[in-house]
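Consider the two complexes below, in which chain A is the common component and chain B and chain C are the respective partners.
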Partner chain A sequence: MGLPERKRTATEARLAGLTLPTGGWAEPARRDALSRVTAMGLPQRRDEYWKYTRPDSLLDPEPPRAALLEQGGELVFESMDRLKIVFVDGVFDPEASDALELEGVTIDRLADARDADIHWAKDFYGVLEARGQTPVERPFAAMNTAFATDGVIIHVTGKPSKPISLIYIHRSEHSDAILHHVVRVDRDAEATILENGPAAARFNKCMEIDIADGGILHHVRAQGRDHERRAVTHVFARLGRDSVFKSFTLSVNGVLTRNECVIELTGDDAIAHVAGACVGDGDFHHDDTVFVTHDAVNCESRQVFKKVLRNGATGVFQGKILVKEGAQKTDGYQISQSLLLDEDSQFLAKPELEIYADDVACSHGSTSGAIDEDALFYLRSRGVPHGTATDLLTLAFLAEAVQEVEDEALAKDIISRLENWLARRR
Partner chain B sequence: MAALDQAPVKEGVDQETVDAVREVGGAYKYGWNTDIEMEYAPKGLTPDIVRLISEKNEEPQWMTDWRLAAYDRWLQKEEPKWAMVDYPDIDFQDQYYYARPKSMEVKPKSLDEVDPKLLATYEKLGIPLKEQMILAGVEGADSIPAEGRKVAVDAVFDSVSVGTTFQAELKKAGVIFCSISDAIREHPDLVRKYLGSVVPVSDNFYATLNSAVFSDGSFVYVPPGVRCPMELSTYFRINAENTGQFERTLIIADKGSYVSYLEGCTAPARDIAQLHAAVVEIIVEEDAEVKYSTVQNWYPGDENGKGGIYNFVTKRADCRGDRAKVMWTQVETGSAVTWKYPSCILRGDDSQGEFYSIAIANNYQQADTGTKMIHLGKNTKSRIVSKGISAGRAQNTYRGLVSMHPKARNGRNYTQCDSLLIGDKCGAHTVPYIEVRNNSARVEHEATTSKVDDDQLFYCRSRGMDEEEAVALVVNGFCKDVLQALPMEFAMEAQQLVAISLEGSVG
Partner chain C sequence: MLEIKDLNVKLEEEDKEILKGVNLSVEAGKVHAIMGPNGSGKSTLSYVLSGKDGYEVTGGSAVMDGVDLLELEPEERAAAGLFLAFQYPVEIPGVGNMTFLRTAVNAQRKARGQDEMSAADFLKLVRARAKELKIDAEMLKRPVNVGFSGGEKKRNEILQMAMLEPKMCILDETDSGLDVDAMKLVADGVNALRSEGRGFLVITHYQRLLDHIKPDVVHIMADGRIVKSGGPELALEVENNGYADILAEVA
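Then we have the complex of A and B:
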């Protein structure tokens, strides 16, 4: 079946500027991904899955310009003891990074893949991304697998003593970066991965996470300080028996962000939590698209997304819980809420349930509205100034999402970022 | 009821007893057909068929042109495939688009002239058309005192309206209630002004098809300030084989008026699926209120998913004036495939829309249904309560849209959709779209999915109920919010339907 003319031309135009890295163990997977993306075509404005987010600027052959923001003040996670891996405009920077050595984990570069024909990641690279293409197509992820120029391949074998921190730095106003990471967590191993930074003017990132039985992975990410950048990111996670995956994303600004998270619970008793707090001001469009598949018994999934929007900012949430036949005793929860601080902002949501098993408890909720006048009045009657009261209520609103971050120091760091954001806008 | 139907009948037991037992057992009660001589238009859909339908209805030229324009648009449209329903491709050329009882060739002047066979059909369905026989109108309402409650009925049999009751009494109040074909002839100004103004000709594939080939349906006009003296109702019956029913309903509630409208439908049990594509348009002017209730009980197919009605319906109400109010209530128990989204456009300030729905899908039934609430005016309010029940191998989807436009200041929506699963082979899905484009609007959406509570079942069983009875009771409790919104006659019928539709789904 051929693609519609318009889609085919747009896809060809976007892919024309990219070169498929050749040689080494990743090449077959890259070629498969290329045929996937050419068969699907890249998203167009009228595609149902892109109903609320315009993919146009992600399709331009040339990335739109994004001004560099001066890096004033301390960056997020900076005070933490961590293993730093730095990418500048999508290229690994060995000078700025720590040595890629840490007990309980091995780390390789994807860019080195061309030097070897055999690597453990050969059986993982592009596999979860390919699985994640049904029932909904995610063409930018396939494009990423095909054309990613760099990234890290992390094998967690034990319990490393500190988090692995991926730092993305944006130096060129026209950079267009494609990064692909693979994370494999062995049986009963446990690790924390942090991500932060603007990365590039346009950023396409994909992370495939495979967690074996009993494995635990914490993923905390901060997207911010990069108002003009555009990003499309994917997380694909597959969870084995008794494993745990917890992912939290803080998003502050960004003219276009589309974060997709695709989780598959394949082992019994697994737990997956995805949460996000986002604050947007002005020319801001933020889209969280989550797809959780329950394919095992007695699993738990939670999706908690909170958005604070002002000055015409747009927040989008598309969440889905799919419970397959036989996935009994599923506990699925999903909440998406927005706080609209003024009348120009908007919230567009599509929280879905698709359930084929009867012994389940699944629920979702979605609300949208302004700050509660009664609560505001109460605080003011206690002598709290209007601005402080609004900030307090806004923080309280975001708290449910931030609570999903287990590490206290990390959670504190995130809250202070939110406080700063609010204070700057007072 | 599969087990009972297949059980060998002992010798000496006569057929009547077997039938009686089956009747008691529930299953689909309206699956018989009326053997009546029919007149068909040739199979297939061409401009000639469209002209023929128009001619049979003795329509003016503008109506014929309107239909032909719709036909042209239909040719360019594609069948929608986004709903979570799966059915074999429909061959639109292998259908009859017009079928009417031979006896209706010359339109009867009054109900006394109507073929007794047709009247008997409606009587058997529990819809007596002779006015002196009409007490409460709908079956199951025996306990209601006879005085006071009257329901005017427009009975549609395949492609034609058989007759409309209480027309004279309604006329006294100024209410026009007749078949749409009569309205096109007798009230062309009203029809021309409003037809297609809520559901445009090219709205969607099935609405466009309907615009081209609709053969009959009901027309209601309630003049300003009039409270319609009785409930109005249309009863649709598909009887002929391989025939699609395409009815069109147009309801206009002028300023400050009120009307409650009921719709019922059934069809014979046949192996081959049949098509039903209706359009309902409601115009609600300032301070007017319309209640529209449906008990949809088309033939759902047998327990192996054979046959049944494919029900593709477009229903929309437009609250044009301030403080207009519309309320959709639906009980969807029939049809093999349901594709139906009664919607409210809340254009006037302070207008209100409500949607209450129970959708029950058993065996191989598939239902994809929900609503749209489009908030355009200030202080508009909407409420959605949807209860989906799946049993057997059925798939039941709630699909809805709540949209708050920038000008819908202080808009308010509350949505609750709950799904109940009975058995591990069925599915329940929720696909809501929520679009909030101003901050003074408050939107809340809640959805849950669960199974029939074991504790509640155990409690009922310990009080001596059998399992099916217990499930029916629990399910009725689950649907309570919606059942309460139905007019009384319908509520009783609906309550029984809930029990019947779930027959055989336990164990």
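Then we have the complex of A and C:
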């Protein structure tokens, strides 16, 4: 059972430049992941799951150059009280980070945890990623588990008073970063994890999240700034009974972003919301690929993705709800919409439902449209200038996704980013 | 205040003439009413005056206080003091009514070189005006016109008019869909704004609104033209006999 020649060579070429970190309990998990990725092979342009997004630049042995943005203005989340964990081009920066101490959570650097004889993460590292390989293969995630050079292990045991904020700084035009985080939320514990920053010229990030019964995790991320960056990211989340996972991603700029989110509802009455708002201009390409599996009774899942595209930007959404046998009373909702600000932009969507239970309520919808001319005229007839009116309607379009951010201060911050982005393009 | 001369308008997309030489002038301080059969071009006139896309002016002019309206963008016409209460107010999901009102008020002030209204002053004003129109605070928080009843939408139009204090107000069938009490509220709202410096053009099918808002002049529009003008008694004639006699008389 061999891979097609092209795929095998491309995979070998990409992996050849990487070194598998050795030592500690992580090594066997990494070796397993390496066998997974060599068996699957890295994605090729013809692969069905990569139909709308070209993986080529993620496969090149060397990352394409990504210019650094002249940093102007305050970064997102800046004014929030949070525990900062900083990575520069994919390397943990202890100087720039806060002490990894906060009541209700323990945080270790992956490299440190690995060398501890006994560590809870031993039974978690790579586990959800491996589970997430069926029914659809996600080779970049297996590659990540094998070769990740850094990352943090976050164990939420209580209710930390402030968010844990992962900040990804991009400083080298040729950096190629692979980060792997593991998050475990204990029974009835609750935390917020923030992520922001361009990270590297090319970034492969994987986050495995295990939420025990009654646990709650809020995840808010902002991918932005340096336009030439490329990223492939994976979130793997497993939810226990009565647990809640809410994830929101803001994406601004970026020539290539592929965000995969794989969620498994394994305990009854769990709730998972994944949402995204993205705004793209020109050679922007943004792909949200979501796979939600209902494997318990009375769970709720929501996928809300909104994309604003202009000047030839491309948005992709592949979203699936899989309801397994016995997952009765499932409430599944999925919406993906694009607002095309001109005729050159395009939105490619593949919404899917697969249901093996009979007592479920699932709905999905996907639309693509332009600014509502009647609404625009109505606003203008009240004296609102064309540009302001367009921005108002654009923000209104994004609102359903942004509303998924529960924390008001965070939501405000995100809206102001969007406003600025729009204002800069008027 | 508003001078419309021989205005000819066709659809941009097709060769269909809708307004065929409209002549009309509304003086400051006066209320003019337009009545006329369905499809005669009343809404089209109001849209063309406020600058909606899709129409092509093939001849004539529309001037407000010396300003050529047809040269301006819709927002510039608004800032110059023109207001249209829509026959079918538009729903705008995701834009809060309050945000919308404040953006509009401040955009107009800015265009006129005035300072923006402070949040506190604005709130005070909008609350007072809303109260007069029996629009509750809840409605102000909701997205623009979304889920509003027909009558609520119309009252919301009048609220916008009261907030923007335009000099030339066009009301396109603001009475349709209103219950008797709401009609009274709307009429009171309009009457409260009546002043020497302000003109009104009230498009309606019914005498009832004109009982409350006494017009100075009534025009009959048919097939894209003003075919007859007269005093308030003209509206009564329409109410009693329909358009047949009038149309026959001018044919």
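The rule is simple: the second predicted complex is superposed on the first by the 423 of 426 C-alpha atoms of A that agree within 3 Å, B and C clash if a C-alpha of one lies under 4 Å from a C-alpha of the other, contacts with A are read in each partner's own complex, and residues count from 1 in each chain.
Everything below uses one rule, namely that a contact is a pair of C-beta atoms (placed from the backbone, for glycine too) under 8 Å apart; a residue touches a chain by one contact, two chains touch by 3 or more.
As the structure is a computational prediction, the values presented were derived from the model and not from experiment.
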Which of chain B and chain C A:A357 touches, first, second, both or neither: first
Partner chain in contact with A:S338 - chain B first, chain C second, else both or neither: first
Touching partner for A:E5 - first (chain B), second (chain C), both, neither: neither
Partner chain(s) touched by A:E95 [first = chain B, second = chain C, both, neither]: neither
First (chain B), second (chain C), both or neither touched by A:E400: second
Chain B versus chain C as contact partner of A:S366, first or second or both or neither: first
Of chain B and chain C, the chain that contacts the larger number of chain A residues: B
Which of chain B and chain C A:E48 touches, first, second, both or neither: first
Where chain A meets both chain C and chain B, residue numbers: none
For the chain C and chain A complex, residues of the former touching the latter: 50-53, 73-75, 77-79, 83-84, 86, 89-95, 99-100, 103-105, 107-108, 111, 143-144, 160, 164
Residue numbers on chain A that touch chain B, as the complex places them: 48, 325-326, 328, 338, 340-370
Residues on chain A engaged by chain C in the complex (per definition of touch): 372-375, 377-386, 388-389, 392-393, 395-397, 399-400
For the chain B and chain A complex, residues of the former touching the latter: 82, 84, 406, 419, 421-451
